[in-house]
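Letters are used for the chains, namely A, B, C and D, taken in the order the chains are written, and counting of residues starts over at 1 for each.
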């Protein structure tokens, strides 16, 4: 892609990479968009940690069911083949390694795959962790969807996380608005660059050492 | 004849003492036992420790209990929400204590209490500040942190139907913490839309067996159902949006 | 009772002592008989560890359902209000202290309440434990139903168990064909004697010190 | 299109290798996946470790697998039954190893494997020879023994109905170990009476979600059912006793 993708385009790019039959959990926020872009004819089963497999998209405004919500407390729908279960069973699915993939947001990802996405450690902030730590340790593959740069301009891909960790060494791939990165034994590897930058440009702007 | 069905909701919560640890079901508003919480507020107990996934939203339910000054401590995974202003204010003012627990550890610790497990090695939280100071152990190729059960004096939960044995079925994602909290408390009180005859619930589909339930209170069908079927919506701010035709979502 | 009770009469005596509303597990063998003698109008809920609450009596010979059996693998029936669950949930009920009462058979019970009922420790025997240890540690009250004397003539109530333990300090009461005993801090206490023996006679025949 | 339904039962078990640990559902005959076990025997694997509550009865199912000399070790709670002559003979001859596990520890260890728990402190077995040599710990006022998860390469289970996602419902006490074994094995193979259309199973009543199931094989309605209803008896020796009228027991 010559220009930088919109958030929706990035979500569609992630959706393309999810294989038929995968069981997927989408984190709160931007990752939720991925569900809207699953290619026609591909069957993906969505898990929501508040007790459901087979979650469908948001309902129309007049068909909101308060008993049928996702982990972000947004109204969702039920697809054929759905199943409900309680919270311990839901997290047993996650922690027991049964989810194929989760897509999470991030404050920072380090080059060894450490993820920080639950707390910026600011004094006075109300901390909240939810299911982030369970997803990060439990899903077979952890993908991150994020802007490459925070609003402050600081890159979110870093050598070492300065924010409190969600889990160490868990992220496998990062989809950003500038490029897609894999986490390898040697650090970040660029899979794909958007908007015409060179790998060298990316290194300059992020201060990271990138690998092929 | 065994009957756990109580007609007076205040009687059902009357034996919860000051200082009790009370589990409250629900994930956000889904499955939150609003009527039981209201009865608890009216009952007047104080100095409670609340175990729940969230710490209230808007001004009802857990938020109302917090606003009434009855809660000393909250054990939860996700207190911060767009409309958690009551908790946020009390927390910043130092008027309520918070124990933050990853959601999976919260669920598994509650289950462990109900299942008689003394403690368990969990994969979640390892290498984070939420596991700091806890016992760690490498088992196989992985590192775990030791987590202990969470017991409660009482659990307040919300389900769809009950029979007089206290058998319960839930509705959609309103199930969430109800079934495990029912197992982990000395006294479990369930509010349900309606009570049904013994034998009316399919034995293959009962989610919480009556053995875990002490009191059942019927609070009437939720506004978005009619005859037990979804007839359309309530928006998340609580305003009912009736539909002209009955449809299953 | 002037004479010694039959096994059925002893089962009826135990049934009398089970309060309305109790959730009860009956061990394999003689304790199973207790279910046949619940007084008219008293509601007791029977748990079977292979995944059911609300178990009813044996069906007629022509209505055996191979999917509906008790822990002894005998055919049973389903009462109104029954519920099925899987084995981990079933044993969570037991181990989590939710059963009001279980009635177990025994090889030996010691005066501090130790129970031996799963193995006689004989060489060459095929060992089998089933759910005995879980019931013994999990039920709120553990009753034992047994003959007072083994076929060899040895008393089954003993100072210290010589057979391998099922669980230490778990038995609260023992219903035997000669007497009913409670286990107290001071040892066995006689609740009721059948067949006209005196406590002194019982002491002489068992070699135990009995308390009032 | 996702479909876990396999038409050839031998293909379903074909990838289980020699030396595998195989969980087999069932409590006695109830819920024992006889047809899958027969396929496993035909497949010809050897040197298996079997995890199951019992060690076979009569000459079918697990007993047949044992008789065929395919089993190196049995992990179970209750091998001794009135008709467990095959196991008894092999055990006494030293031709099969036995790991005896209290039934609750067996169930909880299987569940722990599926739930990602590293180990847990169990109340069962403390003070007995089955806990000898294991790590003990006092927690609160109680003594516990540390138990580890039991994982398997494959689980063979039996359920009533499945859809193409692998969602399962069971029948009565045939449920027993199926749901937890499905979570603890690398590959889970379920035999069912019949497969149904996606959406035909009530989402509130699904016991095993398809996420835990890899292959489903329909083996036809069990002989004591007709039109999905119990029509009366099969005695435990396997002789069908048809009733003249259809009745629900």
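Here is the rule we use: a contact is a pair of C-beta atoms (placed from the backbone, for glycine too) under 8 Å apart; a residue touches a chain by one contact, two chains touch by 3 or more.
Keep in mind the model is a prediction, meaning the values are calculated, not measured.
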Could you tell me which chains make contact with subunit B and subunit C both? D
Chain labels contacting subunit A and also subunit D: B
Would you mind checking which chain's C-alpha centre is most distant from the centre of subunit D? A
Whole-Å distance, subunit A centre to subunit C centre, using C-alpha means? 55
Roughly how many whole angstrom separate the Cα centroids of subunit C and subunit D? 28
So how far apart, in whole Å, are subunit B and subunit D when each is placed at the average of its C-alpha atoms? 33
Among all residues of subunit C, those touching at least two other chains are 78, 84-85, 88, 91-92, 94-95, 137-138
List, in ascending order, every residue of subunit D touching at least 2 other chains. 108, 111, 115-117, 122-123, 170-172, 203-204, 207
What topology does the chain contact graph adopt: line, ring, star, complete, or other? other
Can you list every touching chain pair? A-B, A-D, B-C, B-D, C-D
For the complex, which residues does subunit D have touching subunit B? 108, 112, 115-123, 137, 139-140, 142, 144, 148, 169-172, 202-205, 207
In the complex, subunit A touches subunit B at residues 48-52, 59, 61-70, 73-75, 77-78, 84-88, 90-92, 94-95, 124-134, 137-138, 164-168
Touch list for subunit C against partner subunit B, complex: 20-21, 23, 43, 45, 47, 53-54, 78, 80-85, 88, 91-99, 137-138
Show me the residue ranges of subunit D that touch subunit C in the complex, using the header's touch definition. 27-31, 53, 77-81, 84, 87-88, 91-92, 98, 100-105, 107-108, 110-111, 122-130, 170-180, 207, 222, 224, 230, 232-236, 241, 243, 247, 249
Within their complex, state which residues of subunit B touch subunit C. 1-2, 111, 113-117, 163-165, 167, 183, 198-199, 203-204, 206, 209-212
